[in-house]
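Two complexes come next, and they have one chain in common, subunit A, joined by subunit B in the first and subunit C in the second.
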Partner chain A sequence: MVVSLEGDAFARLYPREYYAKFVSQGMRPDGRVLTQERPISIVRDVVAGADSSALVKLGRATALAGIKLEVASPEDERPGEGSIIVQVELPPMCSASSRPGLVSPRAARLTEELGGLAESGALCDLAQLTHPGGRSVWVAYCDVYVLDADGSLSDVCLLATLAALQALRLPALEPEGAGGAAVPAPHDTPEGPAAPRALRLEPPLTPLTCGIFGGALVVDPTAEEEALMDALVCLRVNGDGQLAGVSKLGGSGLGREHLATAHMAAMRRHLALQGP
Partner chain B sequence: MAFTNSSVPFFRHDRPAEVIADGKRLDGRDNEEFRTLFLNCGTISQASGSSYVELGSTKVMVGVYGPRQSDRWMKYSEQGSLDCDVRLATFATRQRGRPIQTQLEKELSAQLETALSASVLLHTFPKAVLDVQCLVLEAGGSVLAAVIAAATLALADASIELRDLVSAASVSRVQGIQLLDPTAEEEYREEAGLVLSFMPCLNQITSLTSHGVWSKDELRDAVELAMGACEEIDAALRDQLVQNASQRRDPPVLDEDDNENA
Partner chain C sequence: MEYVNTVGLRLDGRRPNEIRQLRAEMSTLASADGSATFEMGNTKVLAAVYGPREASNRAQTDTSKATVRCEYSMAAFSSGERRRRGKSDRRATETSLAIANTLEQNILTELLPRTQIDIYVQVLQADGGMRCAAINAAFLALADAGVPMRDSVAACAAGYLDGTALLDLNYTEDGGGGPEVAVALQTGLHQVLMLQTDSKLSMEVFEEVVELASNGCRAVAEFLRTTLLAHVGRLSLATSIAKSEA
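Entry: the complex of A and B
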């Protein structure tokens, strides 16, 4: 008992030294080795009121993405395209540092990152979101709520967005005669209700966040670990396992061998997620 | 370049015109029966206390943080205070909500504070504030009741000293029939409704709000119906807390999550 209390006190008073002792042995306080990620679980259609939704857990880090479809007239500059608008929310509930009434810079950055991907068509071809007749388009509002901010938020938010998009079914519409505006297809046709249609998504991106601690690469850090890291680097690999995006903002330098290790770890996650 | 055109909601299904068909509720429940209640606590890693509550399709998550030092602009107080914040996820409601705080969210926050503050021993943390942060993931009816149950569970999980657990239940009157724990559709068609929060062990009501016209007898029946439901919810809350405490004392040898994904 006395020993564990001393350990706890040491961890609280000298978190960096405590963590360094683990890293020097190639281990982490939660029992993982440095290049080991946390288990991922993905559950789709958890919120019945949304058009589609997905709950993704990465260890304890949790995000819930929900999509609501709305109808709009197409933009003049992009007449043949609908839109996917991603918004990441860090509600005050999810961590000790977020308080009500303020949009945290972290939420704004995540929104920027994911919103950019969705608008550029990197997740799916936006031409699929047009209605028959072309007078109106779908706008898919994908709101991602972080329920437990336990590190690697960029990964868990992207995975939740992708899973919600995979689960999305667009209702069948047919063009109305005169006005040209699309209307819901009738439910009582002789062939039964027209089938809703799934989106054809681009090969999914796989994200991975790594931290650098005293020259060592730490894969998939928790919130506690993120606070200790010298620098964080987020990678995305595409369907072919190539790097499709790297962001590393500030902090200590990233060695070439670290980038290679991180890329390998991201490939491993990619294969595990897309595996048979 | 963001999409700038304004959009209008799209509904896959119309609301049902009748919520009572042949004297039966649409989901087949008895009039005085509440929906399946699922409780869990310790769901948020950084919170002092946290909980997740499902009441049928209504899903609520609560995190309690603190007590922390109260803000500078607040006057000195010998009593601690509760700062309750209730938010609805944009996809929680039939029509997509707004990310900014709405009137409904302000009202829910105020009602939660009223319902809870009578149960918390505020004098045990003078000059300090306890943050009770709630997020409604799906609003399938009786939202306030679910939020209150979830918040009281999270407070207990955070080891905050309470006089008693607060349970809450709502009753809607549709076509003259009183329905316990109404769904969103039943609330939409209601003539009158009430939400009661109650401390069953002390036999004290902490808050009661009603809307619509009630006769004296009807109101008494509805309050008794809600009080009965609160007692059942209270028993479920206590079971969950005992279960959680015993898990904490004898943690399972292997983490469940690790097993699933191994």
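Entry: the complex of A and C
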């Protein structure tokens, strides 16, 4: 009993030294080895009110994505395309340290990162979101709520967005009338109910966040671990296992061998998620 | 629109004094000190409690009791039309205050001086009765966090449409233009903690609706009690297993 109390006190007072002792043995306080990720669970269509939704857990880290569809007129500079607008929220319930009222810079960064991916068509070809007549398009508003901010948020948010897009079904639109605006078809058309169609998504990206701690690479860090890391690097691999994005915002240096190890770990996750 | 048909059934097939199906789950978020999801029909809310912990703002620290704060917000995809972002949503702020004030009355704040208890409520699906569902969820989350409380709290709303008092209005009935009264009770002490309506209604109707809502609160309280007992049962089983393994 006395020993465990001292261990707890040591962990609270000297978190870095405590963590370093684990890393020197190739282990982490939660029992994982350094290159081991946390278990992933993905549940689709969890919110009845949304057009599609997904709840993704990465260990304890949790994100809920919900998509609402709206009909709009296309933008002038992109006439043949609809749009996917991603908004990431970090409500104050997501961690003990967040304070209500302020939009956190972290939420803005995640929004920018995911929004950029969706706008560039890296998730799915935006031309599918148009109506045949071309006068109106779908706008898919994807709101991602981080319910438990336990590290590797960029991964859990991207996985939730992808899962929600996979579950999305676009309702069939009636041919455009004289007014030019398409309207959702009523369910009892003479030809029977119009079939909603799924989006053809690009081969899904797989994200992986890694940390650098005293020269060692730590895969999929929790929030506690992230606070101790010298640097964080997020990478994404595409369907062929090629790198499709790396972001390392400052921090300590990153060796080539680290990048290779991280790439391997991302490939492993990709294979585990998408199957062989 | 006919809200109560000739057989006396409502739009969703309920009888006038019938509550929607209730579901609840406790300890749904690992990071929070206490958390719970609570569903009333299609309305689904998630509540998380942090605290009692050291007050973040030293100037506002109360040396005699705990400070209870609440933030209530609705997910953008929770309702029919997508909600535009806006932190300065006055309605949400008002609901936050109502939830905090209602539950503060029930917490033994004098036992926890200089601390603060944060209650965060997120509406995931909105189908009427969000305020009451939020209070019920927050009560479960407070219990999950082990915050000392006086009594159990339960909330339920009732309205009046087509000359009939209706319990636990859904979104369509809420938009029917009739009066709605939200009630929160301390069910053991028989005290009314919250009573709220914005509509004009006669004294007889008011009493009838409040009585119906109070009955609804008692039904909800019974359900909350069952949920709490089941949760405590699971906890004590887990503790006894942990002890036997140690």
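Methods note: the second predicted complex is superposed on the first by the 270 of 276 C-alpha atoms of A that agree within 3 Å, B and C clash if a C-alpha of one lies under 4 Å from a C-alpha of the other, contacts with A are read in each partner's own complex, and residues count from 1 in each chain.
Operating definition for what follows: a residue touches a chain if its C-beta (ideal position, glycine included) is under 8 Å from a C-beta of that chain, and two chains touch if they have at least 3 such contacts.
Every value quoted in this text rests on a predicted model; they were computed, and no experiment measured them.
A.B. asks: Fit or clash for subunit B plus subunit C once both are placed on subunit A?
C.D. replies: When both complexes are placed onto subunit A, subunit B and subunit C end up clashing with one another.
A.B. asks: Name the contact category of A:115: first (subunit B only), second (subunit C only), both, or neither.
C.D. replies: The first partner, subunit B, only.
A.B. asks: Looking at the overlay, what does A:91 touch: subunit B (first), subunit C (second), both, or neither?
C.D. replies: both
A.B. asks: Let me test your reading of the model: by the given contact rule, A:49 touches which partner, first (subunit B), second (subunit C), both or neither?
C.D. replies: In the superposition, A:49 contacts both subunit B and subunit C.
A.B. asks: Who does A:237 touch here: subunit B (first), subunit C (second), both, or neither?
C.D. replies: Once the two structures are laid over each other on A, A:237 reaches no partner at all.
A.B. asks: Looking at A:153 after the superposition, I want to know if it touches subunit B, subunit C, both of them or none. Which is it: first, second, both, neither?
C.D. replies: neither
A.B. asks: Which subunit A residues lie in the overlap of the subunit B contact set and the subunit C contact set?
C.D. replies: The overlap between the subunit B and subunit C interfaces on subunit A comprises residues 47-51, 53, 60, 64, 66-68, 70, 87, 91-96, 99-101, 141, 143, 145, 147-150.
A.B. asks: Any idea which subunit A residues touch subunit B in the complex?
C.D. replies: The touching residues are 39-41, 47-51, 53, 57, 59-60, 64, 66-75, 77, 83, 85, 87, 89, 91-96, 99-101, 115, 119, 138-139, 141, 143, 145, 147-150, 171, 223.
A.B. asks: Quick one: which bits of subunit C touch subunit A in the complex? Just the residue numbers, please.
C.D. replies: So the residues of subunit C in touch with subunit A come to 29-33, 35, 42, 44, 46, 48, 50, 53, 56, 69, 71, 73, 75-82, 85, 87, 118, 120, 122, 124-127.
A.B. asks: What residues of subunit A sit close enough to touch subunit C in their complex?
C.D. replies: 47-51, 53, 60, 62, 64, 66-68, 70, 87, 91-96, 99-101, 103, 141, 143, 145, 147-150
A.B. asks: Spell out the part of subunit B that touches subunit A in their complex, as residue ranges.
C.D. replies: My answer: residues 1-10, 12, 43-47, 50, 57, 59, 61-63, 65, 85, 87, 89-94, 96, 99, 101, 131, 133-135, 137-140, 257-258, 260-262.
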